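Paired with chain B in one complex and with chain C in the other, chain A is shared by the two complexes that follow.
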Partner chain A sequence: MIKIAVYGKGGIGKSTTVSNIAAALADRGLRVMQIGCDPKADSTNSLHGQAAIPTILDLIRQKGDAFSLKDMTVKGYKGVVCVEAGGPAPGMGCAGRGIIAALEKLKEKGAYDIYKPDIVMYDVLGDVVCGGFSMPMRKGYADAVFIITSGENMAIHAAANIAMALENFKDRGYARLAGIILNSRNVKHEEEKVLELASDIHSAVIGSLSRSTVVQEAEELHKTVIEAYPASSMAEEYRILAAAIYKEAQKRR
Partner chain B sequence: MSMKQTIARVSSYSADVFGACSALFELGGMIVIHDPSGCNSTYATHDEPRWYDRDSLFFISGLTEMDAVMGNDNKLVHDIVSAAQDLSPRFIAVLQSPIPYMIGTDLEAVAKLVQKKTEIMTVALPTNSMHSYVKGASMAFAMLAAHMVENPVGKTLPPFTPKRWSCSWQAEYTADGSLVKDMPSAAARQSLGVNILGVTPLDFSFNGSDQSMVQVLRERGFRVVSTWAMGSSLENIAQASLADVNLVVSYAGLEAARILQHRFSIPYVIGVPFGSVMAAQVASDLKEAAAEKMNMISYRNRRVDESGTVIIGESVYSASLAWAIAENGGPAARVFCPLDTETALLVPEDRIGMSEGELEKLLFSYNVIIADPLYHPICPTTARFVPLPHEAFSGRLFRKEIPNLIKNAETFAKNING
Partner chain C sequence: MLTRIGKAVDMQGAAVKIKEAVYPNPFESGLEYTPPARGTWNIVHTNMLVPESHQVYICAAGCLRGVVLTAAEMGAMDRFSSILVEEHNLMDGSMENLIIDGVGDILDRLPRRPKVMFIYPACIHRFMGCDMSAVYVQLQRRYPDIGFGECYMDPIMRKSGLTAEARTRWQLYHFLTPQEHDWKSVNIIGNNLPTSEDSELVRLIKDNGFILRDLTLCRTYEEYLEMGKSAVNISYNPQMIYGGQQMEKSLGQKNIYIPLSFDCLEIRNELYQLADFLGVQHLDYSPNMLQCERSLAKAKDVIGDTAIALDYAVTFRPFSLARLLLDHGFNVTRMYVDTIPSEDKADFEYLQQCYPNLMLYATVHAKMRVMDRHTTEPLLAIGQKAAYFTGTRHFVDIAECGGFYGFTGISHMAARMVEAFLEEKDARDYIQIKGWRCRTCR
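This part shows the complex of A and B:
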């Protein structure tokens, strides 16, 4: 089983990218599980096509422990197992502790042993703002972390912070940085800036995505590009990226 | 919290941190509780009778508000490493309280960093003070079974050479009375070796019950390899794989027994040898379990009658006591277990995990109630109350009145009969 976590600045396109990678890998016949680690709980929307699915924390809130693994998951495109950690009511509680509780509950209910996914992908909220959001990179969870960034300064700054957190955690047996993904916003000198970032944090750009209206058009259909426009050049870019991520993650198992 | 969980008139059981501390107290490890400083004595004195005359290596990290906000794990690691370098503990166990639990401190990572810097085996125990002492003691014993017990042949613990600091608990004797450095003789090895699992003062107090259990087994021809964890050194525990069978005397010892069975194919018997009849049954079961490689419960044929007698307490202790009382001519009591356990350890007429309100309603129909004195306020005045203090429930309040029922079960049963 390969386990990866994807981090990056909020709004940079993590969920869209991860969902398209999930769909591309599912097309190749792999068993895929995607776990949204964000209180917004919208990571997997384009895979299952619904406005919302029950989150793990919703279930805990409503039923205590009286629910099954099946209640926590929804099968999406080509059988991708979709999970949303969920979170507390806005402005209350502790979202980080919520992520920990949700991931522990998923493990306790046997998600990895029962579904036996070939690849698990944790789609994590924005930056590593507290202990809870480092959970997906801890021992026993992801083996490899990928950071998505554009050439925008704030995205690069966030990426550098995430890389620094990973560096600080290197003696803890946490996941290691496996590569940078450039999600283009067509800003000036974008590729050079991201390559410079990769060099600074001793990593590499393992794939890049063009800016394309096809992505938004697919989202309006509540589908991934892979599903909605499989013949598009954007779908091909996602397939190439999925192959690169899979290859890099395999090296770090 | 629902009102069902409210405790208003009785006490509450010691929490998991206490259970883990109690289980590891005598083994020479450094126990670090990641928690704000202040009333540290709650961890180690109120429920720990050994505190007063034995040294120990318990530390509180002194977590501050800013540590919690900033996640100063490095300070915690530094302090543990510094203390460990001064004190040379046998191992290090890091426990957490509710605050680090809530902020998601990665104790396993902290343990890994400490072990790397000190080269002393370091483990994290995922306590959070939201569970009972049974769970904490269980995870501590499970840790010993998984990490401290060595293969019968192969590597052994490095010899212990005290530096400038040493403790009274660094025992020079083994559970069967021989010197630590002496391996059992060939003749001694011919008798069946037994580990007694799940012994802490929280369940058995500090009144000689642990030694009585050892004596009971020795008198019946067994060799006690180790007692987890009173009166045994870490070396005894490390040699536990030399045993032929394990005796589980509390639910806290059961997970360790399962791990030892998985690792070394050692079967186990569940039951406390309360009095001569129960001791004979336990001895017979230990021999059969060792011969047949099967697990047994010594009070397996336990029945309840309509005498309206109930025991409130830990499951293995209470069920064993109920069996022993009935075998000594007393009533066949039900057991109400408010603590962690499994239904297979009790009979269908027993009850597990009630709230104070539910318990009070249930007790209304009983005639004889055997329980810690702090349960008295919710017992009906029409019932006869037989006090049986339980350290994990009333701490040191009634410590002097806690009987050694290994030796005195018959007297206790007579008292029940009135």
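This part shows the complex of A and C:
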């Protein structure tokens, strides 16, 4: 089983990218599990096509421990197992603690043993704002971390923070940084800035995605680009990126 | 001094007739009260059983009072340390390093290096998701000559999943290493007290030429390590079931769980099961069973119809004990139990059918603090909590099963009941002492 975590600044396109990678890998016949670690709980929307699915934290709040693994998961495109950790009520509670509770519950209910996915992908909010958000990096969770960024300064700043967190944890046997993904916003000197970031954090850009209206069009259909526009050049970009991620993650298994 | 205001508190929610009680939790969980009957062992007492071990507790200063006082009462402050958590440890992400560095400081200051360190994080570590696995890896890397035990001072693990107690019981034996097994030696595992020498369990082991090893009898770390040689682990504490299974996996020691019981046929079956397991002959236990009947009849002659109350801390099988006494004509009127153990389910159901008016009282329900709970009728209590709640001066001072097992266990219990019935004692003098019969730190 390969386990990866994808981090990046909020709004940078993590969920869209991760869902398209999931769909591309599912097309290749792999068993895929995608776990959204974001209080918005919308990581997997384009895979299952629903407005919302029950989150683990909602289940814990409503039922204590009286729920099954099936209650926590929804099957999406080509059998991708979709999970949403969920979060606290806005303005209250602790989102990091929520991720800890959700991931522990997923493990406790035997998600990895029962579904036996070939690849698990954690789609994680933001720039490691607290210990809870580093949970997917821990030993036993992801083996490799990928950071998505554009050339925008805030996105680069967040990417550098994530890389710093990984560096802080290097003695603990946590996941290692496996590469940078450039999600283009067509800003000035974008490629150079992201290459400079990669160099600064001793990593490499393992793939890049063009800015394309096809992505938004697919989202309006509540689908991934892979499903909605499989013949598009954007779908091909996602397939190439999926192959690169899979290859890098396999090296670090 | 606090003075109660308002009306007397009723028993609703804190007491129920057994016929109306729901298995396994007859009382609602909520605000809890801890009665000052201190004989039951706590996490400090139990882990001190491992010779040459040292305990490290990590929490905010005020939170550590209970364990500090226990260690002090035991005269074991030289085997106890603490690491204080401060607010900045939460904010700067240094919690894991605080523990690792704190253990280092402790080791630097100890006059003698311990063989084992039991590390007790608290609920704050759980809430903030402290990576304890990484902590243990680092500690083991830095101090390879010391064994580190994963323990818990965590009330939120008390009632759900694999309990902190079950995990900790297993950790007590975590430092044993796989060895060539001696097929003529066995361990009794999971208890705080040694099983009495005259019990049929110990006799079955020793009279058939087996060496018996038991953590409660180990005085040196070398003796403790020798437990790894035994080919078989025998347990009768339900909290050790998980640990026994884990030891079978990690050490290859055969595991047998023989539940403690107060039913003569059940006891005989357990002993036969063990005999088959060890490959020894079945004994004729008819005389032992007859002796039990005689002991109980003698006790009944003395105690007569005096009301009896018993509590859960007396034994792992309080409902089995109540059934034995009621079926032998004793007037058991009250049980102080918060939950019904799974081992006791059949006995609980039997009592519901045959003695439906038997009263069950919670011990931790908040109302037990203020409810009018003393009885004016003469009453014999079995156990410290029963003595405290009823206010009687006639009680069997016992906790942690008292080392009783089998037919002799029943006879010993009957004899203690007679003694308690005939002799008055002041409960306060006895029950305020923590860790009943804890000899570990002498």
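Keep in mind that, in the parts below, the second predicted complex is superposed on the first by the 253 of 253 C-alpha atoms of A that agree within 3 Å, B and C clash if a C-alpha of one lies under 4 Å from a C-alpha of the other, contacts with A are read in each partner's own complex, and residues count from 1 in each chain.
Here is the rule we go by: contacts are C-beta pairs under 8 Å (C-beta built on N, C-alpha and C of every residue); 3 or more make two chains touch, one makes a residue touch a chain.
These numbers come from a predicted model, not from an experiment.
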item	value
Combined model on chain A: chain C and chain B, fit or clash	clash
Partner chain in contact with A:97 - chain B first, chain C second, else both or neither	both
Which of chain B and chain C A:11 touches, first, second, both or neither	neither
Which superposed partner A:172 touches (first chain B, second chain C, both, neither)	both
Partner chain in contact with A:110 - chain B first, chain C second, else both or neither	neither
First, second, both or neither for A:139, with chain B first and chain C second	both
First (chain B), second (chain C), both or neither touched by A:65	second
Set intersection of chain A contacts, chain C complex versus chain B complex	96-97, 100, 131-132, 135, 138-139, 171-174
Footprint of chain C on chain A - complex, ascending	65, 96-97, 100, 108, 131-132, 135, 138-140, 168, 171-174
In the complex with chain B, residue positions of chain A that touch it	94, 96-97, 100, 130-132, 134-135, 138-139, 169, 171-174
Touching residues (chain side chain C, partner chain A) in the complex	93, 96, 127-131, 133-134, 137-138, 160-161
Contacting residues of chain B [partner chain A, same complex]	71, 102-106, 108-109, 112-113, 116
